[in-house]
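When the chains are written out, they are named A, B and C in that same order, and each has its own residue count from 1.
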Amino acid sequence: MTMSEAAEEIASIQDARQRQVERIIEALLFAAAEPLSVSELVRRSGADALIIQKALDHLRTQYQTRGVNLVFVSDRWAFRTAEDLSFLMSENVVEQKRLSRAALETLAIIAFHQPVTRAEVEEIRGVSTSKGTLDVLMETGWVRMRGRRRTPGRPVTYGTTPEFLDHFGLGTIKDLPGLEELKGAGLLDSAIPASFSIPSPDDSLDLTEDEDPLDSDDPLLDEEVQAE
Amino acid sequence: MTMSEAAEEIASIQDARQRQVERIIEALLFAAAEPLSVSELVRRSGADALIIQKALDHLRTQYQTRGVNLVFVSDRWAFRTAEDLSFLMSENVVEQKRLSRAALETLAIIAFHQPVTRAEVEEIRGVSTSKGTLDVLMETGWVRMRGRRRTPGRPVTYGTTPEFLDHFGLGTIKDLPGLEELKGAGLLDSAIPASFSIPSPDDSLDLTEDEDPLDSDDPLLDEEVQAE
Amino acid sequence: MDHVTEDTAELDGLRAEEREPNSASGDPLLHVDLGGYEGPLDLLLTLARSQKVDLTRLSILQLAEQYLAFVQQARQMRLEIAADYLVMAAWLAYLKSRLLVPKQKDGDEPTGEELAAALAFRLQRLEAMREASQKLIDRNRLGRDIFARGAPEVVSIERKSRWTASLYDILSAYASQRQRRSVTSVQFKKRDVLSLQEAREILNRLLGGVWDWTPLERFLLPYMGEGNYRNSVVASTFSASLELAREGVVEIQQTSTFGPILLRSARRRDDEIVEEQVEAQRKELAQEEL
């Protein structure tokens, strides 16, 4: 055996040893419930700190581009999923939910009577509307706050959104059936009082004459949203 | 751009895509406590099953020599520490109750003969099985009640769970050690003379033709569980 | 295994109760000598192994003799033996006799060889399951030899609701709600009226200090509202004044048709009453003089 052959053999033995230490560190860090410090790795692997540090550095480089990275946190080492893949760690579960009757009624009144205030909805329904009902409707994305009515108390006005039209397959809000159509569809009794009327809704983005714009930093708005 | 350049570019885009899927699968499997099925990987990664299968095969090869291996257990994929490093892991061992000889034998009989009734287990062992033995096996999470055999008395049938496969590192129930030899020797038959069809353990969630589902409100079930 | 063949059915009765090591019900004698065996089949298997042959080439006749000798020996040692072992002994004695006599063709009854084969099968199967359980338990096991992720990363689940409703849902909700309200909310607008009672109170209060004839309208002036209320006030006060007049509290005078209605209190001041009395006495005296 020449000198260089001997040196090569020693190098390859060292390489194999280094690889084994890397395997051990991989296994220990993977199975551990907590990040491990170098001294814990020394204790559990039996290898010395220098070799372990070298192995950690090598592993860190190796894992850098992978889906799992070797990270150094608060003086300890741990495997963590790569930061750019964090979206994988949250799952969106879409639940189909049906609107309650109160919510349906409120939605319908907002659609037909918009722009409409909460008090007006309550006046039409004859019951007070819970905060939850309006919250749910805002959550559906079908109802939006439009502005503030120019009356004492400056109540918020509600209206429907383009998503509302989209979801219900309406070309425009004018496609909502009127009094005669509702009667024709048998939804309204023909014996309805003569004074009964259905307003013509307005969902345009422009405010009506008696509406003021909502101010995003309007303290009253927050208050109202919270208080409602 | 020549044809070959275009082809090269497509290939390199495909490569990059494949690498990203590998990273995603690596992250998902690394982070998970439980093995994940290909369909779960499809759902959570958004990639299609073929690409995922290719990525899994590649990852399995890549990790083969490392301290953590990608393994196929209970029809699912999981990262597990390498078998040869178990000596390092003594600190991670959660004290496990040692199973009695009777329990082990019963577990093996349930695994190989499933779906199997208690009477059939007793027939094979030549002794009656104490209530404790089945209780212990159910407690391990490796054995479950499957259904009821469509025979007089409607006895409960037992089978193994995915956790059983996971615990013993089996990809599927067909990987039971020595299964083929036992089948060949006719030793999975219930009795002599051997029937023409060679029985095979079946741990699928679907019931066999001669099994009825367990009724959760089945009074007999409670009785049996309590009486056993 | 839907059906149990005749021969194995016979063996079915040969089960021994499995004994827990510390079972109080366990026969201590049995525990010493046979407790190591899990029933007669286990004992048979142990004896079969002593033949040191492949179980497929096992001499069942020899095994039966071994078993019977074992039981005989145990009895000589005055050990109590569980019934299952004795039943098995009896069955093996029968099997032995069947194996020793020449084959008889007597219908459906299984031959000695068939019974022996069934027993051999059961022993092989038990042996196979024992080996299988050993192989299973020798595998690298999760949590003992190989390990899962120690610190799994939790998948946070974000629940998102997808609300569903159809156009029909809103239309029918709207129509039925509006219809319900239009029927049940027929409300009579509350008319503002001055009740008779209120009118009486007003008159009583006001007329206390009024001695001269005063038009009714003047009392009403501060109360008279507009429109319907004004009519109600006039009507109620007039009715109330008639009532009060009947009770002698007020006096009413109307000098011409549609002329102003004049009221005054019927209760006089004291000096007025004295004056009247003086006047009356004066008249009386004048008449007497006449």
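Note that a contact is a pair of C-beta atoms (placed from the backbone, for glycine too) under 8 Å apart; a residue touches a chain by one contact, two chains touch by 3 or more.
From a predicted model like this one, the values you see are computed outputs, not experimental measurements.
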Neighbour overlap between subunit B and subunit C returns A
Farthest CA centroid from subunit C: chain B
Separation of the C-alpha centres, subunit A versus subunit B, in whole Å, is 36
Distance between the CA centroids of subunit A and subunit C (whole Å) is 33
By the touch definition above, subunit A meets two or more other chains at residues 27, 30-32, 81, 89, 91
Expected list for subunit C, residues touching two or more other chains, is 147-150, 153, 155
Subunit B residues touching subunit C in their complex are 30-33, 78-83, 86, 89, 92-94, 96, 99, 101-102, 104-105, 107-109, 111-112, 120, 122-130, 132-133, 151, 166-169, 176-178, 182, 185, 187, 190-193, 210
In the complex, subunit B touches subunit A at residues 22-28, 30-31, 44-45, 65-68, 79, 81-82, 85, 88-89, 91-92
The answer for subunit C against subunit A in the complex is residues 147-151, 153-167, 169-179, 181-182, 185-186
Per the touch rule above, subunit C residues touching subunit B in the complex are 1-2, 4-5, 7-8, 11-12, 14-18, 20, 38-42, 117-118, 121-122, 124-126, 128-137, 139-150, 152-153, 155
